[in-house]
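You will see subunit A twice below: alongside subunit B first, and alongside subunit C after that.
Take a look at the complex of A and B:
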């Protein structure tokens, strides 16, 4: 099947990509990095965190770059005062939602949420913080989940389903009560489907899932999904 | 003297304040608030002697005068459990006309000409949606009729299904013929047992008469129909969430594109349509798109059903032509606010609608005018609010509803709405600061602009509109610690007691 190659503009730069490429990828190919949290190369797009919203000329609507395909002659803006304001707002809402204290977090200095806050210049949180106090599940031999640090990006769920292929992880409840669970809400140590493959910990952008006793810089290998997909394709 | 008369159960006629109602034909005599004793009187005087019991008749002429009943044409008039009744009221003749004399393109042409727009809330032109699905070469194609109706205080779709199920089925059949679908689902919430039962019976009867299944009306056209049950989540009515739910997954919306018209159920082209939209279709086919477009306004044709609730004298289900003013609906049909209380606001569009003040009552009801003032058509919920209610508390209440109903996928809707609710709690417990108003405004606009689906995109409407039209109440709460309606500033213990 032949794919149409189309032209469009991202931040004023002319870009040529196959039709249907996600805006995020088209931008990255020409060196323009759009902030993301829930997206991870190698996994399906989710469109949940809303960090990657961009403006498309001709409509007042904002579009998630990770899951919106490019169209011919689109003119896309990835940086503007409004977008910056909105990205800061999203980060503040995430920081206020549960318990995020960098100084006592395993992922300190290796956390994408922290890095995003720094990068965007989030210097305060305009909302009351919600110090959630969910029990930490350390029943697994070495995998630990602290849901107080979870930002519900579902990368762990997607990597478990799409790459490892077991779908141990999923969500329960909805809205602010949503939680990542194992099997039918078992303690991790009791999960009969978990293969202990560690991919969830590697792709978790924050300190919610980590590996007991392993140096954090070793654990947080976010390109694992992309790496596996590439190797599989090569084979 | 012996007289024969038929007694039949019908669907609701929409006069909720005076039920149960009994209609005696011929002559359209509507009796209100009927009790077993009163039935005796009606039978003796009206049926046997031919003398209508005047003082029991429904007297509120105005309630029906300004209505225009197209979708609810048969509601309260036919027995929904008998397909024969629907057929003798002209039912399925539009389908016969389609199959015998019209091409699929011809049907779509009439729907485009009619100007019909989706009644599920967004108001997307129906004919255009049909052309999109029809144009796709990808098969099979599917139809999903949306009967989730998750908004509290809204009961139009339920009433339609309970009163005239075949109108929905016929609409689906015609749509299926037009777009080339062979399989359809009606997605209905489990909390509607009578509607489910009525639809199941209707589907069985239609199958028995070869109006569903193979060789419909002895043509090569085939269409199969099934019910799918929702488990009571507001967000499940959102079109991409419905798709997930019908496929057996968690009802969570996904980003569009791809639109369901291109990639819907099992990645196949899918037409998702509200049941009220579908019930209009047989009339359009029967009388022509041009005929339909004469009702309503040029850009917004036809009628719309509204569920009238709140502080209103005549609550109920009404159907009015598009373009009617809010004042006519609230005061002429609805009878205004009861008990001599003063009108304060009207919430148009359900829990994520806009709260409009008296000064905006002259605006016509159509998609664009409502959007301009911060409200939405939504699923047609109209809640009248009187002087006894506090607008800050009202906005808090509806925000709380959306917090509970958020699916949790996107940050603005999940994490943002919950923050709004906390700010409201602060204000209504006397700890508000003036900076909270700016926080509400800023975050409300952000949630509206950045959310993934319509739930988050509309959830801040009550906040944004009450801040726009009733800001003085917010200021009073924050500066003077006063609530004009005496609702707020209760201690947590007092709230528990309530």
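Take a look at the complex of A and C:
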């Protein structure tokens, strides 16, 4: 099977990649890092966090780099004042949407949302915050979910489905009301499909899913999906 | 800010734990240099009751949680050239805003504090300023010029911002501050 190799430009640098490669991957392979929160190597693209938006010449529309395939002769801009403003806005919207209080969060200093805010220079949230009051589910033996800290990146859902192959986790409702649920909206302790593999806690970018009593830096292993996929391919 | 006259600086303590003021004092020997350039015209550590007019820089610690603080913040803004949110409670609401997740959190928090734990004569005090429904960060109410996040913010960061402002430069927070 022959794969078409196409040429394009990312931030002025000429890049050649196989047709169908996502912009994010093409950029990464040539050393250009585009910020993301929902994307995780080893899992399918989701395009939910809107941080990886890039400009493509010839169109005023912005495209999510994680789920947009490259095209021949595309000219892509990954860093500009406009993109930075949008990215800052996206981070602030995520912070405003639910109750994120870093100083009382298990993930303080080990949080990808917080790190992204720092990276982009977000030092305050310009939107009025929505103080969510969602139930914390600690019915599982050791896994806990605090939905007030969830940014709906769906990494946990994808890792449960695509790597563990169980699909215990899914999403209910829509928009800002969306919630990560277990089985048919059971308490986690009552879930009959959960294998307690911990992968959801390992990939969660924030402090929404964590292991009771374990320091978050021990739990987090965000390259787990990439590692497993790579080993499977080798086999 | 002229070179001869000392810069008039104030600090204000709203709903916070005073940790940010501790961090301010943690500038240690640098306070001596600072004292040569500034006059502290109002602060919890200065015995001045009324917030003065014509203040150059005011650092405010804490979120706005009651009506008295709301009035105070508006007064400070009107009398200050450069207003700085000092620390996470002022910047995000932080711990002070934990109550915000309760519906009617002003009432809920009073009942939790004064009624639930009381064995007899349970009563909510009335001779104190009325709580706002939500504890709010400063910039939701007035214009804030600079933000110094942190719980508490690092003394080096506070010193950096003040030093830059005193030198007539604009502090660049990107890459220096930590959210939350």
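In this section, the second predicted complex is superposed on the first by the 235 of 235 C-alpha atoms of A that agree within 3 Å, B and C clash if a C-alpha of one lies under 4 Å from a C-alpha of the other, contacts with A are read in each partner's own complex, and residues count from 1 in each chain.
Quick note on the criterion: contacts are C-beta pairs under 8 Å (C-beta built on N, C-alpha and C of every residue); 3 or more make two chains touch, one makes a residue touch a chain.
This one's a predicted model, so the numbers in the text were calculated from it and none came from an experiment.
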{"item": "Contacts of A:124 with subunit B and subunit C, given as first, second, both or neither", "value": "second"}
{"item": "First (subunit B), second (subunit C), both or neither touched by A:114", "value": "second"}
{"item": "Which of subunit B and subunit C A:152 touches, first, second, both or neither", "value": "first"}
{"item": "First, second, both or neither for A:100, with subunit B first and subunit C second", "value": "second"}
{"item": "Which of subunit B and subunit C A:78 touches, first, second, both or neither", "value": "neither"}
{"item": "Residue contacts on subunit A - larger count, subunit B or subunit C", "value": "B"}
{"item": "First, second, both or neither for A:168, with subunit B first and subunit C second", "value": "neither"}
{"item": "Subunit B versus subunit C as contact partner of A:90, first or second or both or neither", "value": "first"}
{"item": "Touching partner for A:36 - first (subunit B), second (subunit C), both, neither", "value": "neither"}
{"item": "Interface residues of subunit A shared between complexes with subunit B and subunit C", "value": "126, 128"}
{"item": "In the complex, subunit B residues that touch subunit A", "value": "233, 235, 250, 254-255, 257, 403-412, 414-416, 418-419, 422-423, 426, 439, 442-443, 446, 449-452"}
{"item": "Partner subunit B, residues of subunit A touching it in the complex", "value": "45-50, 53, 62, 64, 67-69, 85-86, 89-90, 93-94, 96-97, 126-128, 130, 151-152, 171, 173-178"}
{"item": "Interfacial residue positions of subunit A with respect to subunit C in the complex", "value": "95, 99-105, 108, 114, 117-118, 121-126, 128-129, 131-133, 148"}
{"item": "Residues of subunit C that touch subunit A when the two form their complex", "value": "85, 88, 91-95, 97-98, 100-103, 134, 137, 139-140, 144, 147, 149, 151, 173-175, 177-180"}
